[in-house]
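After this come two complexes, each holding chain A, first together with chain B and then together with chain C.
Now for the complex of A and B:
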């Protein structure tokens, strides 16, 4: 269950553009959702000081000066859920200036849920086993 | 397995010099962190105080020291040292004439960890500012040092560590899960031992600074691994053992202060994962802007989660138990507290999973800060210009899942043992842990 391949819905790749406003210490919008294969363009606009946007897992980034728009275009070829975060020190809460990019389904999250379910059932089953054993062996 | 049987380990622990050497390094680092916080750059991610305390120290503490060495950090912690040296009138072995301090017993009503619960929560509610502002970190570090000195002159032994230290509380609680313990070898030797120098002190060392009687130790919680009893026991009856993980948890605690500490840590890890690592800017603003009405809302939600929602759902799930406690319907204090023990392994793993993300993302600041601790443009070791880059991003999510699911299984086993002790079903607690794990997976992945 936790390791079975996921059904893949074929989707036609699209070009998508997102305009993200960066201000101390958050992005608006802070959650993006795209399909694998899409070509993404992020237009980063800073509303106060210099901010950056670095995408975990893709290891790419862009920096925007106040009032200027900077763009970052990339192919979303890795599925999963990725944080994007500011990579220009912009003030106190800078290390926690974070957004989320979802490329397709968050497979790893569902697999982790599957593992937790197995762990829970396994633990309860392990507990019940001594009680069930006589029932099984009696017949 | 007894580690102290190895003569090298034994002598290294019995001698005061190796420990003193570590103490001095730690104390110098600690004082430097205070100074750096006060005079260095106000930019947190480039100041030694923030980077070495909240990234480097925190990573070592929660990912290595607590899970593997229990109170190992307390064995080398610099915070109580100046006070302790002052109180003893000596840095090494006991002097002939002791200085005259008040040396009072700690008030009976406060002999629990409620004060530690409060001190931890106070820091937790201001944590967004504390974690990111060098001079606030410096002030808190200095305040702990001076509080420890002050208490040493009024009360006997290490009252600060036992009853006030905000980190000592959870280190102690989680140290029960560690695979290491300090215990006596033979009970009988202690029974006939004259004068009990391990508690009362002798010419070779001090009576237990943590105010526990080593002869009666059954849990790691309040033994600070200071090694005094190894030095004072005339019968060589103290051992440090390797043991299975979480051996202490098979005898669950029935204390309410410890049960609530478990909820405080469990809840804070979830709240931090959402506020600090989540994509919700409004939450971060609320947590950071201390004193605003949004912050007061955050405080109410924080405290409500920890004192009402999490324990409330926990006792509700216990009341659904197929065979309710012999104390009658509802949940007896003993059942509640015993089963809260089951939250310890999962709680520790919540912190591990949260910290992995925080630490791996920000670890490159350690190299920068090493070369330029005050953020003044120095380059002592040539690493000042290391570019910021998250580390090991590809293994982060699998490692977090491993920690959380592993913690869930570990907590389920603990719940079964604790439930066996108080004769109730463990299933509600296991389901509770399962739901909490799902919440944490959703927040982190």
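Now for the complex of A and C:
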């Protein structure tokens, strides 16, 4: 289960534009979901002081002043979940100004659900029918 | 140890200490200027004194968010002032006077209140004839000589049905006896030009087109680009990136109400709490460049509009005004 090939629905890469408003100390919206291969454009609008947006893993960033919308365009070619964070010191709670970029499905989340279901069934089976175990392991 | 050896050892020690110590001493003597958002006190210190021609070393740091530093009416590149970092800058003033330094990175609703002064005193001893002090030779602003009341409403009673086009106005204006001088353009509103053309056989929209041409011919692509840049950096946060008065601070200004303004007569005079919409033809076509210059220079008008007179040069203000009218007129298809 952990390493089984994951069923992937084929998706056509598309261009997506997100407008993110940055204010002390959060992003609105703070979670973005895209498909791998999409071309993402983030329009960063700052509503109070100078804010930035840095995407972990992709190592790219943009900085916006209030009144000067900044755009960041990139190809979401790495699947997974990535933090994005403010990279311009914007006040006391600056380190907590974060958001999440999900590229593709969260594979490991579904894999772990699958694994825990198997483990649950197995342990219940063992608890209820302990005599079955020697039969299974006898071979 | 011989006496001469001891002496030379002492000498070398002193020389080493002096080499290392002098720059350190000079650096330590330069005061560190702290920047905070205006609500927390702005610049500290906010008054700096220097003599003409002497280099002024400044060390700047921020105590909260990203700020910037620039001196008004001076040809200089602004520098960023970052929290946890020290920015060094050296300035030399060749004219005495009181200069305004200001924050160049938006740091909240009261960003524009973050200003301080540099008092430059003394006489210049350069062989070039000393330039007169700042503020002494500045021409009296046009709105004063014209006697315009920059607080009065200036609505255009008639507005065009579609956006006036400068390119069709140019063809129409070719045979018209109109005044194309800069002074005429600055002293009149587009509506006044429209009115003066009422004795011609042109239709209303043609008359507006001529006004658009007149405005276009009094600016250049370079001025418009410069105006656009100034607008983005200084105006768009309130007036909106597209001039519609819907900048990111527009809601905050309305919510802040009285506290976002400073008038002597109190709340009664505060007619507009929201930033002006430059895409509104009624207001813009009824305003002359001289009137807008007055508003930008002085600010106020019972609103939270800052005064820019100590920051922008005259040329910058005219460029900005030319850009403001471009929200009204279609300058497409016209080459200078």
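Some notes on this structure:
The definition used in the following text is that the second predicted complex is superposed on the first by the 107 of 139 C-alpha atoms of A that agree within 3 Å, B and C clash if a C-alpha of one lies under 4 Å from a C-alpha of the other, contacts with A are read in each partner's own complex, and residues count from 1 in each chain.
We take it that a residue touches a chain if its C-beta (ideal position, glycine included) is under 8 Å from a C-beta of that chain, and two chains touch if they have at least 3 such contacts.
These numbers come from a predicted model, not from an experiment.
Set side by side, chain B and chain C differ in how many residues of chain A they touch, and the one touching more is B. Touch criterion met: A:112 reaches chain B, while chain C stays clear of it. Once chain A of one complex is fitted onto chain A of the other, the partner contacts of A:50 are limited to chain C, with no touch recorded for chain B.
Of the two partner chains, chain B is the only one that A:96 touches; chain C does not reach it. Within the superposed three-chain model, A:68 lies in touch with chain C and out of touch with chain B [touch as defined at top]. When the two structures are aligned on the shared chain, A:27 is found in touch with chain B, with no touch to chain C. In the overlay built on the shared chain, the residue A:124 is in contact with chain B alone; chain C does not reach it. In the overlay built on the shared chain, the residue A:81 is in contact with chain B alone; chain C does not reach it.
Residues 89, 92 of chain A lie in contact with chain B in one complex and with chain C in the other.
Residues of chain B touching chain A in their complex: 43-46, 128-129, 132-133, 276-282, 284-285, 288, 358, 361-362, 388-390, 393-394, 397-398, 401, 404-405, 408-409, 412-413, 416, 426-427, 430-431, 434, 437-438, 441-442, 445. The part of chain C that touches chain A in the complex is made up of residues 37, 62, 64-66, 82-84, 105-109, 111, 232-233, 235-238, 241, 247-249. Taken in their complex, chain A has these residues touching chain B: 25-28, 30-31, 54, 56-57, 59, 80-81, 83, 85, 87, 89, 92-100, 106, 108-109, 111-113, 115-117, 119-120, 122-124, 127.
The part of chain A that touches chain C in the complex is made up of residues 45-50, 65-69, 88-92.
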